[in-house]
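Multiple structures follow.
Each of the two complexes below includes subunit A, the first together with subunit B, the second together with subunit C.
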Partner chain A sequence: MKMTQPHISFGICDCVSIALLNMFTTIQFHFRHNKPIFIIYGILVLFIVGSMAIFPVFRSATNLSFLMNQAVVLGIVSLGQTIPILMSGLDMSVGSVMSLSTTIAAVLMGGPGWTWPLVLILILATGTAVGLINGLGVAKLNMVPIIVTLSTMIIVSGLAMFILPQPGGYIPENIYKYFLFEVGAFQGPVFYYIVIICILYFFLHHTVRGRHIYATGGDKERASLTGVRVDHAIITGYALSGLLSSAAGIFLALRISSGAPTVGNPFLLDSITAVLLGGTTFVGGRGGIIGTVGGTLVLTVLANVLVMAEVHTYWQYIVRAGVLFVAVVAYTMKRRFA
Partner chain B sequence: MNKRLLVPIFGLVAVLIAIAVISPYSLMPVSFLNATKNASYLGVVAIGQTIVMLTGGIDMSLYETIALTNIFSANFMQDNPFSILSVTLLAILLAGCIGFVNGTMIAKTGIPAIIMTIAMGFAVRGSYLVLTKGAPRGYIPEVVRFIGRGKLFDLVPVALLVWLALSFGVILFLNRTAAGKSVYFTGSNPTAARLSGINNDWTIILVYVTSSVFAAISGLLISGYLGMGTLDAGVEYMLSPIAASVIGGTTFAGGIGGIGGTIIGTLIMRYVDNLMTLVNARHAGKLIVQGVIIGGIATMHSTQKWSLK
Partner chain C sequence: MICVDILPLPDTITLRVMHGNCKNILLIFLRGKNMKKLAIVICAALLVFCVFGVAFAVSKEQQVVDTSRFKKDPPWVIGYDIYWLGNTWSAQFAEEFKQAVSMYDQLVKDVVITSSEGSTEKQIKNIEAMISKKVDIIIVTPNSTKGLAPVIKKALQANIPVVLNAAGVEGDEYTTFINVTDRALGKAMAEWLVNELDGNGRIFAITGLPGLGVAEARWDGAMEIFNQHRKIKVVMKDAGDWADPKTKRVVSDMLAAYPRPDGIWADTPGLGMIEAFEEAGSSFIPFATCSDNNGFLKYWAQHKSRVNAIGVTKPVWLSSIALDYAFRILQGNPVFKDNFIPPCVVTEENVDDFVRFDLPNGYWTLCHLSDERAKALFGE
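The block that comes next holds the complex of A and B.
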């Protein structure tokens, strides 16, 4: 007997088709699991292309670099806000921590010689301390996150007003060269922003504590049963949020070259909007900082376009609230019907 | 006697003693009545905030509703009865619409109340800034000013009477009517409330409409007190209604508390404010004290050892 071996020919056409199929399935897989990220970046691309078509000024290199710089402050504070929302909490104190940072910077940074690095450390430590208090309240006292962070928000904004009742103070000139340098096409703040994104991404996705934050957000009880120290995860999360808000406050102070006790307040709502636009929902455990970056960029481009369309500043309040409504309704609908 | 009211009452007595020590003159009948009258603007908003908090929600848009009412009425009120009546009704209707949108979004989409109402505050602020272009105009007619700052028979402040009447009405509503009871039920256990036939969504919508309407009434009283339209009419009332409710024993979790406590909480907030003015504390100090009070009492409620259940 002679067995006939089936002859399998594996030509170039098959190779290509399998590769295509593979690629397609991979894209489909990623699309299914990261739908919000695809949607937000799709909107972003549409937005940018549309504005480039309509406004010639938008296309200029100066404006694009300005745009990136604009995104940094909101970007950093939204990165911080993402973590509490991932754990189905909320950090109400981010705006006032930013204000406090600007006031400390404006009052103390003018000191002699090398005091300014110490002041930077002081600011970051203050922000982290506020975050730690929030985390302790949520994790150890079992308080509702909104209430804990609301009370720290009020106290911190009181402190900011105590330090600097009126907008003022100044940031000394010699500090700017450490922040406003240029790395290739990127300005200094954008460089710092990218570094922070990379570190935070690595922390959230490739360290034990970072995975614990996701696990805690997904299901607190089950995470606790599998040996996750839920309280440590929560405290770390809120501390990080405070730290990043104070860092954002530093960049805000550099931008306005002074301090003001209420300058950070609008960033509370904007950071929440950016996080929700990026697909991190209050359900917890879903989403991440990549989406938040997209949300931030969309908000920044929107603000930029509104300025170019010569819409009055007062309308910005209504637009901000409107974007938040749209984001919330869109994701609620998705949850209900999908 | 409700045990939960003991803490606020002790607090009130302590504050009064502190005032008596620092400045005995402010306990003279005339100035004391004046200070109490000044509590009624806060008192009316705090009633609305308490009802919302009883369902486990929170309303951060009230102070912008106050400002909107103030600017709206200053802009449109003329010195004749028809105009005053119609503008008043329109202002209340407008506030009712704001509350309706708040309530519907919160009940139907499940968005956290605090975010929804902060965003609504932004929208309201934006709309009155757009309408007035940042410069409110007009004045408040004499009748409304009498209601806001006048005294009946040169003795009893009208605003105080309005506050007490509204409080009395809401206490009756909460304790004696089915709708009022359902506010408590929805707050303490939404699932059980739904299973026993209460329409939670409607309760929540009702509650936010009520709070916005109370903010509008308070806005009218404040307009009468100020006598003109200003962009900052509401700033003082951003957090103090929450503080007043919390001091009065209403919890953030919902289902526990009431208007009786809120009245005492309002008085405490007002007298503490007077006290801090007496010792020359700035706005910063007042904010810090408010934050410490809210945080401290929330901590007290969260730890079982301290809660007076």
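The block that comes next holds the complex of A and C.
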């Protein structure tokens, strides 16, 4: 005897509606958990569309390629700054590490006896060493992050002044083809930026140490009770910040084709702004590098648009602060009402 | 330096032949009457070499830039970057430009003014924005000699001429450069000081903003003179950041550590230094400054018997001169590549001609700025 199976008709319309519903719930889920990211990228899209409408020159290929290059240096240093802030800390030394990197690059790359890959390794090692000192101070000596990193900032600034008292030095032309190459409108530094984002994202979200960093930021004591080596996480975090600052310094040196002992200073406040805009807060354990990338792009586009609009430099600061203020208020509203 | 080779260098084969024959030719010439011939030939060769050498070895000061490719019909859009606004000189420098440009409504359609606040990175961004906006000409005071070169090159590639004002860049990639030579300025200050001290004395040195090329160039020029005089000793040196409050603190500290200097080389507006001496109760010494700052000149003019000073100055009107050059370029008229204006000198004899008792202390006296604008800028 043949049994007839109950047949459920499953048309294409159902497929689509279920998929849509699925997508909607996924988006809703992500929105609830990553509200800052949605907000910051929303602001970014708004800015870009708005500027394209108001300033026709904004969407010119030249301007877009300038914009991409402008974002990279701030972008890389902000990625580094994200990690200490994730752990309720702060790295004040990023700007001076960048300056130091440019001075080392400008003095050694131009001088005899050094090949440029060796100089790059030396620069990255120096940055990491400064970060390690910061990390040791915070983790092992239980010092307040702002004080440790402020001291290293002053020491490193002095060191940079010692190496190169005035802007100058020389970056050999043959390095440019490895870093500042152009494929159409696509710029070399952007390629490196994307690679760094991918590696860092993988590290923070898919490795044990990365997850420990988040756990340490969330609640240090509870993390330590669950077996997380809090001190190791902190040291790694600051070392990474130092490493990325020195990498940003290399791109800065290439951008200004020289070194300068104070050139990195403005990047300290800018990097903190980018991180906060991206939704990472001093509370710790919340946020991440994707938000920081959004924050960097917003700051870069904003700076460009404000110059285009010929806004006075003092107003530019106020507008930037205004955007930061609005973003942070939007983020805290989430916590109040969610 | 641009040099044109007028005497083509002989290739290696010719050189070898010449070397081989040289001895024989000399011997032929040196025999008897030919000695005279040799002398004539050598003299003639030297003369030709000198004439052509002078005519063709063109320095950038004499090099004429063909600007016909930048020629455009007015009205123009002018891009101006304010390099820094950290002291009274830089504030007035920017104001001079604004005043100058406001007089040419017919010629100037728009002025894109950006501000770099002493940052090379920001200056690069600003100039990139000007390139995107396709301004007709860019006037900039580079914050870094090396750092700005690539972006200026980009501007030239986009057919936008670049006028460098009051500070230069490395290399040849710019349209024209207007400045007072800072090295010569520092040197002149040092020469006066050495002269006042009869080449013997212990001196203080106050330098400008650390890390900026202009400050370093002035100090290099000064050291060139000080190194020639063994008995001149720089006992203390620190940065006054071109600002009176910082200078006052620095000089006070110096006087506490070393109460009796013989002279001071001060790249500073001057009044802060005077105040520090007065507060410490130290007797005045020769002040070699680079200042025509009104506050300093007021004190100087009122206390001529006590103050022995010089002001070798970089006039703030350099920025308005840059605008003249910009117009010349946009009209397609040729300009010189480098234009160096000799530093102006304020001395005891002419200080009364410069000082303005009716204007505020922040004002720099060698200027074209109207009194109204000066008062608006620095307060009554």
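The rule is simple: the second predicted complex is superposed on the first by the 289 of 338 C-alpha atoms of A that agree within 3 Å, B and C clash if a C-alpha of one lies under 4 Å from a C-alpha of the other, contacts with A are read in each partner's own complex, and residues count from 1 in each chain.
Throughout what follows, a contact is a pair of C-beta atoms (placed from the backbone, for glycine too) under 8 Å apart; a residue touches a chain by one contact, two chains touch by 3 or more.
Remember, predicted model here, so these are calculated numbers, not experimental data.
Novice: Applying the touch criterion given at the start, work out whether A:His212 contacts subunit B, subunit C, both or neither, answering first, second, both or neither.
Specialist: In the superposed model, A:His212 contacts neither subunit B nor subunit C.
Novice: Contact-wise, after the overlay, does A:Met161 reach subunit B, subunit C, both or neither (first, second, both, neither)?
Specialist: A:Met161: touches subunit B and subunit C.
Novice: A:Ile318 in the overlay: touching subunit B, subunit C, both, or neither? Say first, second, both or neither.
Specialist: So A:Ile318 only meets subunit B here.
Novice: Thinking of the overlay built on chain A, is A:Asn142 touched by subunit B (first), by subunit C (second), by both, or by neither?
Specialist: The first partner, subunit B, only.
Novice: Could you look at A:Ser151 and tell me whether it touches subunit B, subunit C, both or neither (first, second, both, neither)?
Specialist: A:Ser151 contacts subunit B only, not subunit C.
Novice: Looking at the overlay, what does A:Thr262 touch: subunit B (first), subunit C (second), both, or neither?
Specialist: Touch partner of A:Thr262: subunit C, not subunit B.
Novice: Of the two partner chains, subunit B (first) and subunit C (second), which one does A:Lys220 touch, if any: first, second, both, or neither?
Specialist: In the superposition, A:Lys220 touches no partner, neither subunit B nor subunit C.
Novice: Check whether subunit B or subunit C contacts more residues of subunit A in the superposed model.
Specialist: B
Novice: I'd like to check the shared interface: which positions of subunit A are touched by both subunit B and subunit C across the two complexes?
Specialist: In subunit A, positions 161, 165, 312 sit in both the subunit B and subunit C interfaces.
Novice: Which bits of subunit C are touching subunit A when the two form their complex?
Specialist: 82, 112-115, 117, 119-122, 124-126, 128-129, 131-134, 143-147, 149-150, 158, 210-213, 215-216
Novice: Which residues of subunit B touch subunit A once you look at their complex with the stated criterion?
Specialist: 58, 105, 109-112, 114-116, 118-120, 122-123, 125-127, 129-130, 133-134, 239, 242, 252-253, 282-292, 294-295, 298-299, 302-303
Novice: Residue numbers of subunit A touching subunit C in their complex, please.
Specialist: It comes out as residues 57-58, 60, 62-63, 66, 70, 73, 161, 165-170, 252, 255-258, 260-263, 266, 303-304, 307-308, 310, 312-313.
Novice: Residues of subunit A touching subunit B in their complex?
Specialist: Against subunit B, subunit A makes touches at 90, 92, 137, 141-144, 146-148, 150-162, 165, 268-269, 272, 282, 312, 314-322, 324-325, 328-329, 332.
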